[in-house]
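Chains: A, B, C and D, in written order; residue numbering restarts at 1 for each.
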């Protein structure tokens, strides 16, 4: 049997592939692309939420938001590390992000306009992310699967926390409830888009299914997200901004309206409301931090020399 | 008679000295020093008030504050122009300011902490400035005297406006009145210092008197300021933060407490609360604006060439 | 509310002036020359003056006894109707002048049409404003030319600003429900009528300024409907600071 | 008020943590490395946690039924008691680490003494805080060393930060009336006792970091008495934005 056949058989048997194992070049590349995209999304995802840290309405919420953004940085860290096991450096990955070659989740190109967006992001965006990610806890590449176990656990905490922000708003004053409804109105459709293009437009599905980078199609995941989220909105007493949304008694699922795919592609191609702002924030952070990283490097080298001298 | 004697005689007859007239080098230097110091004070003085433009509590006040700061920039402009008639360029004057060689009024090294400071600065700081400046409307150097006529007219408008801000606060809620009292507490002593060191410490007085750069001594001006301001504070219902302040029935003037000259010299020497901040703001503005000034210059040259070509 | 559409229509014009004035107000004393500082303050002052006239009128239309300051300072972010263009930051002087120019050309065209409004108050505000706005446009246009056709560095910086700001120009011509209702009544201005003229005028000046006219299929919008950029919240937290911290007081 | 001096004493400690946490919170996602972002957020989080414990206790002492959030968000600027050091801006990473280190050394000494307070609650907060603050100091001190003894550029930048921030160190040791009263009762810490030790420790590290120890006769102060720098108003307008804009609501 060819190396490739042995490899595919291992995956079929649900064995984990480890960094030192032989793997097809395409497997390696696909994993670098997907994991780094995931890592970049965590890092860029810090920005819209970071936007509300200084303005969080209570100390408890400020602390929770700080902790959440810190977790996201942590997720970025594991995922970059997992990527690095495939023989690419973090600097190269950053370079891909900063040059626009690598993508990140488009949802973070929308602005966080009110405090309720902190709730909506937790509830909807993290909710959709979990649906995307839970199957990855069993994906074939070991480091990715293990990172996802930890990520999913924390994401699910974030999702509950986001929902709790919404709940508090919806049980609050009319202004607060209106703020919550407004956030749902703005984040609903972009969240549905997070589950990816419809199956007929999705290019990577078949191969990804085989490698267990995907277990369900985009449309299945989207349906799952909607079915899970609608009852949660009911509890909040909020109206999902889709006049076509209706429970289908036959299928047991919710039917829903047309997604504005034109908007989706516009944002993916870099023309969303905040694409430039997000990228500028990252590139500025990187460039303004160059002297700091250089200093750390120089200092470490000096220390090493000193230790070497002592050792001799 | 020597040129110098003729010159002194002209001044004694209250004739104006004009830029093209002969003048002693010391006269020229003293005037450059004093006028540029005055110009710098106007420019630096924009910063503490500029600090409240975005936060002015009403549109009317925002407009008035913008207008006031604009006036100050205008004063800077006349005064630099007046200086330039003595054969020094505005860039050289800026260079003196930015290098710390030239001074500006120390009062602007205090922070504007509350909205009431906009009132206190108008009432006290502009008040003290007017007392310093009114005699200069009759000073011997023509361009300076003429600039001061316009400056004093506008300053006196600013002073009334500042007093009106205080009046509104003092007729307002207890919080507002407290804000006004607090501002008076912080600005009173620095305002007294604005009139300069006591006569025995003042170095330029005698020569300046002769040239009509000064008509009264610092201590006389300070007494005049206090005598004028105390009744205004009474109308406001505010307490001047000086337990020793008391009307002297014999002299008809107000006796007052010891000024903390150590603080005065500390701030003059660059160690006030905002010296570094003010200087950094000016130097940053200047350096960050270099490309803009270069562009304007390059553009003007190109236009000139074009016009020249047309003319030929 | 006597006439909600008119109220909203007035605000959508006035909020542009308020927020742009606020952005200019940040710059005071920090500009590249004394002369530009004076001009910037002056433009800010004009805009605040116009804002006051509009809000005073809006308060009257609203008929709830509110003041210009209530309207200026005490709305929630989602209730401000200004376009995204005017809230963009003072990244550098090229952005300041680019933003100003891209707004001024529109603003002057709007004023020229508003002059013919059946609403006498709006026509009167426009009449007074035209002179001011003409000056603004001359000032900002001159600077776009200077920077565009100045040095290599200034050309690059000005181009960068135009490229970034261009995406906010299309929104200037969006028509909200209030706009449409007011146009139908002969009160509001149908901005679509001069959209082409706007792009022609701006493009001509950009070319004269040795700048490339951006080609762009996608535009960013949202402000007119109250969905602002992330900058807006910070603008408002300063703008509203005093009125929020010391409620119900006079200044 | 049951014990005004105690209340003010608690605030003067807690406000430092709040404002420093707020400054660190601005940086989230904008730092030089992912690791420093994580550490900065973490320090901010620790400080907010400490702040909450202090304010909860202060609210109890005050006995007016107020919450930690009332104390954190609804005071006027003049009523915040933090030192000027912690409100200084994030000019660059050297300032961020310099500010942190100059505060952390003081903070740890304070906690170590507060541990012996006759007030059990304060001693308990200190006990919990010591571990956190030790970590903060190690982190910031390590970075001061890296930057000071890194490249020529980083040495210059770190020196610039230390030179600028040094002027705010003396205020750390100022004793207000509340401080003195609490010291007398064995509740508060007499910081003058470890002032010399502070300057020795800081100076030693600066020298190790190849940095010059500033010689300075004049120091800037005011925060402990509520006279803050011009930065403070802007910090507060963001900090208080939600509570001021939506009063009397729960979040």
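The rule is simple: contacts are C-beta pairs under 8 Å (C-beta built on N, C-alpha and C of every residue); 3 or more make two chains touch, one makes a residue touch a chain.
Which chain is which protein? Per UniProt: C, D = Ring-1,2-phenylacetyl-CoA epoxidase subunit PaaC.
Bear in mind the structure is a predicted one, so any value in this text is a computation, not a measurement.
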| item | value |
| --- | --- |
| Of B-D and A-D, whichever chain pair has more C-beta contact pairs | A-D |
| Remotest chain, subunit D as reference, centres from CA atoms | C |
| For subunit A paired with subunit B, centre-to-centre distance based on mean C-alpha positions, whole Å | 57 |
| Interchain centroid distance [CA atoms averaged], subunit A/subunit C, Å | 37 |
| Residues of subunit C touching at least two other chains | 76, 233, 237-238, 241 |
| Interface hub residues of subunit B, defined as touching at least two other chains | 55, 175 |
| In contact (per the touch rule at the top): chain pairs | A-C, A-D, B-C, B-D, C-D |
| Residues of subunit C touching subunit D in the complex | 76, 233-234, 236-238, 240-241, 244-245 |
| Parts of subunit A lying in touch with subunit C, wherever the complex brings them together | 48, 51, 55, 111-114, 175, 182, 186, 266, 269, 271, 273-274, 276-277 |
| Residue ranges of subunit D in contact with subunit B within the complex | 76-78, 164, 167, 217-218, 220, 222, 227-230, 232-233, 237 |
| Subunit D contact footprint on subunit A (complex, rising order) | 43, 46-47, 50, 53-63, 66-67, 69-70, 73-74, 76-77, 80, 115, 165, 168-169, 172-173, 175-176, 281, 284-286, 288-300, 302 |
| Parts of subunit C lying in touch with subunit B, wherever the complex brings them together | 21-22, 25-26, 28-38, 41-42, 44-45, 48-49, 51-52, 55, 68-69, 72-73, 92-93, 145-147, 149-151, 153-154, 157, 235, 238-239, 241-243, 246, 249-251 |
